[in-house]
Amino acid sequence: MNLRPLAAASALACAFAVLAAPAHAHNHAAAAGGGARVVSTAITEAEVLAAQRAWGDALVAIATAHEREGAAAARRLAEQVIDAAYGYQFGAVLFKPTLTVAPQTFRTTRAGALAYFVGGDPNFPNDSGFALNGWRSVAIQNAAIFIAGDVASTMGNVTLTDRNGRATTVDKTWKFKKDDHGRLRIVVHHSSLPHAPR
Amino acid sequence: MNLRPLAAASALACAFAVLAAPAHAHNHAAAAGGGARVVSTAITEAEVLAAQRAWGDALVAIATAHEREGAAAARRLAEQVIDAAYGYQFGAVLFKPTLTVAPQTFRTTRAGALAYFVGGDPNFPNDSGFALNGWRSVAIQNAAIFIAGDVASTMGNVTLTDRNGRATTVDKTWKFKKDDHGRLRIVVHHSSLPHAPR
Amino acid sequence: MNLRPLAAASALACAFAVLAAPAHAHNHAAAAGGGARVVSTAITEAEVLAAQRAWGDALVAIATAHEREGAAAARRLAEQVIDAAYGYQFGAVLFKPTLTVAPQTFRTTRAGALAYFVGGDPNFPNDSGFALNGWRSVAIQNAAIFIAGDVASTMGNVTLTDRNGRATTVDKTWKFKKDDHGRLRIVVHHSSLPHAPR
Amino acid sequence: MNLRPLAAASALACAFAVLAAPAHAHNHAAAAGGGARVVSTAITEAEVLAAQRAWGDALVAIATAHEREGAAAARRLAEQVIDAAYGYQFGAVLFKPTLTVAPQTFRTTRAGALAYFVGGDPNFPNDSGFALNGWRSVAIQNAAIFIAGDVASTMGNVTLTDRNGRATTVDKTWKFKKDDHGRLRIVVHHSSLPHAPR
């Protein structure tokens, strides 16, 4: 069976559906606030966990699109993921991917993030496309979460498993910010391989 | 039966117990974050409603202490309430009480708030002590609540009923900020009598 | 001389130009952060004062458009002002205008705000259009400002002067929130006539 | 010359003096807000850079105290630094030091941080004391800074140089939160050696 681009896009839409919950849900306070309209930009733990899962699902979706649809489809999907899940439109994202090296370690621009995920950008010659490595599943184990109002940081291990069953575990820090539409966006992302003492 | 000061203080402690929930409760995330420690400074709707009720209970407690224990006890209690429920230690509170007039309309200092609640301060000669008017109950009807991360604003009607059953309804706006200990503190308080067109 | 609608709109654009400064200005840190890109959603005192002035200028612009262009032009301008300067798109605004009465005291919806400013809405039969009263100038005297990160509250007196030189002073509380584009939007607005003891 | 413990403590006090600026400085707005009291919990870029420098100065101070005063003095100083500059009192800090390994990679508790800096804790047997490596200077090169109201994140390179002139550069992410007293505290700290492709 062959997934068509539309299907791949649908998978992505599904992965990010969880991020689409509007910030201005109209809750109804029972006791003192019967009927009061409630707007909240505060982030809940459930929203944080959903945003993490959406990132993992998106990575797998890009890898899958690459295998089934080719490089162009993977690139389109990666662009959608970056535009939906990262906060480059705020002006910059503090992104230190796992495998980048100086002088291009930090990818504060959208172009730098896209190059890391799918490669093919002559301005980032060391990038071969991290998302194209046949990822099949992503497991997240948080050590701690710090929610500071409308931003939330997480730190812990993320384990990526490829189609050959090979697992890679990284130490990862994310910070999410809730945007005006109630969606969590990644504004800080620091990923590193575990320290290996000699 | 006569409530002693200690009992009055206990009533107050009870009224504010709800505010004492620490911000750094150690929740345990089940799904993705099994065992993750979660710190949150975000404010929930339930915390907002509890802080409003605590304000009402405190007003009744001051009125009651005044009748049963006298002016000194009421003053001590009012100081405790201000120190526990307002944010004067942040540098200023934006407080426009219901009945103040120019040039002392705005009570941005602790002394101005205390004078408004219990009077007796020669620097605020128009203040006779709003909290000493025999209040017996406080009902809060929110029109809307806006939670912006670690601060939350409410707007609506507050109806105060005194020992003779006479009710006074005011239009009231509050803004609460969660402090480092997880307690909500009033940093904005604008109260006004309903507009009476001639 | 007669101002055409376009000119009135230009006046408004001018009034709000100050709000259009993007949040993601790329500052350049000298010392430790040479060349670092800086994104900030924090609000400065200068931004607060500019947003207050823009509100006053907009009120005068609506009054002026009404006199020169008529009701329809004033209404169009009021809609632009509400959409540019208030935060109804977040889900609700906590708005208690100076002259509203129960059961329509609180204008948590855009329609309620528009009716207050320009009248003409059968759903708000008591509204005659507050912005249409010939306002010529607005002076703001803050008692205190509380900036809590990306939201900021102000409290103080606002004095409106009409074309006959008659001044009206109100007690006013605003809360502004910086949106994703770096503009301050009013999310709380409580205005009341000074208390008049009998 | 021999620095006594008191002198070392003074050096630390100096290093952190920059953090002691109260949040509730009473600014005086000139234009519209003449005389208005201004409270702000927003973080400025200058405060971020100062907090980073204070961290570097503190690391050097601990290393110096260790050489001149011994292990006990270094430990006391490290405790003061952690209590003054980190946010463990909020409930947890998301701290991934440069050299830790599983299953003790993440140091979400004060004890785990202290063990990393000065070692000597049987519960953290792999820790030999990172701060005791003869550090003489710390240089910080930010790639980007994201200030989200009363929290601020930085990402970039930090270069530590020891008494033999040997430099170590790490990729580092910090998140600072302004506490109720106006001091920036580290609530996220992810440090990693640069990726070394084989």
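Think of it as A, B, C and D in the order they're written, each chain with its own count starting at 1.
Just so we're on the same page, contacts are C-beta pairs under 8 Å (C-beta built on N, C-alpha and C of every residue); 3 or more make two chains touch, one makes a residue touch a chain.
Computed from a predicted structure; not experimentally measured.
Undergrad: For the two copies chain B and chain C, what is the rotation angle that overlays their Cα atoms, in steps of 5 degrees?
TA: To map chain B onto chain C, rotate by about 180 degrees.
Undergrad: Which chain pair is joined by more contacting C-beta pairs, A-B or A-C?
TA: Of the two interfaces, A-C and A-B, more C-beta pairs touch across A-B.
Undergrad: Would you kindly say which chain has the C-alpha centre located farthest from the C-alpha centre of chain D?
TA: Farthest chain from chain D, going by C-alpha centroids: C.
Undergrad: How big is the gap, in whole Å, between where the Cα atoms of chain B centre and where those of chain C centre?
TA: Taking the mean C-alpha position of each chain, the two centres sit 28 Å apart.
Undergrad: Between chain A and chain C, tell me the centre distance in angstrom, where each centre is the average of that chain's C-alpha atoms.
TA: 37
Undergrad: Per the centroid of Cα atoms for each chain, what is the distance between chain A and chain B, given in Å?
TA: 42
Undergrad: Scan chain A for residues touching two or more other chains and write them down.
TA: Where chain A meets two or more other chains at a single residue, that happens at 37, 39, 41, 90, 92, 108, 143-146, 148-151, 154, 156, 187.
Undergrad: Can you list the chain D residues touching chain B in their complex?
TA: So the residues of chain D in touch with chain B come to 22-26, 37, 39, 41, 89-92, 108, 149-150, 179-180, 187.
Undergrad: Show which residues of chain D lie in contact with chain C when the two form their complex.
TA: Going through chain D, the ones touching chain C are 27, 29, 31-34, 36-45, 49, 52-53, 140-151, 154, 156.
Undergrad: Within their complex, state which residues of chain C touch chain B.
TA: Touching chain B from chain C are residues 90, 92-96, 98-102, 105-106, 108, 143-146, 148-151, 153-157, 171, 173, 175, 177, 187-188, 190, 192-197.
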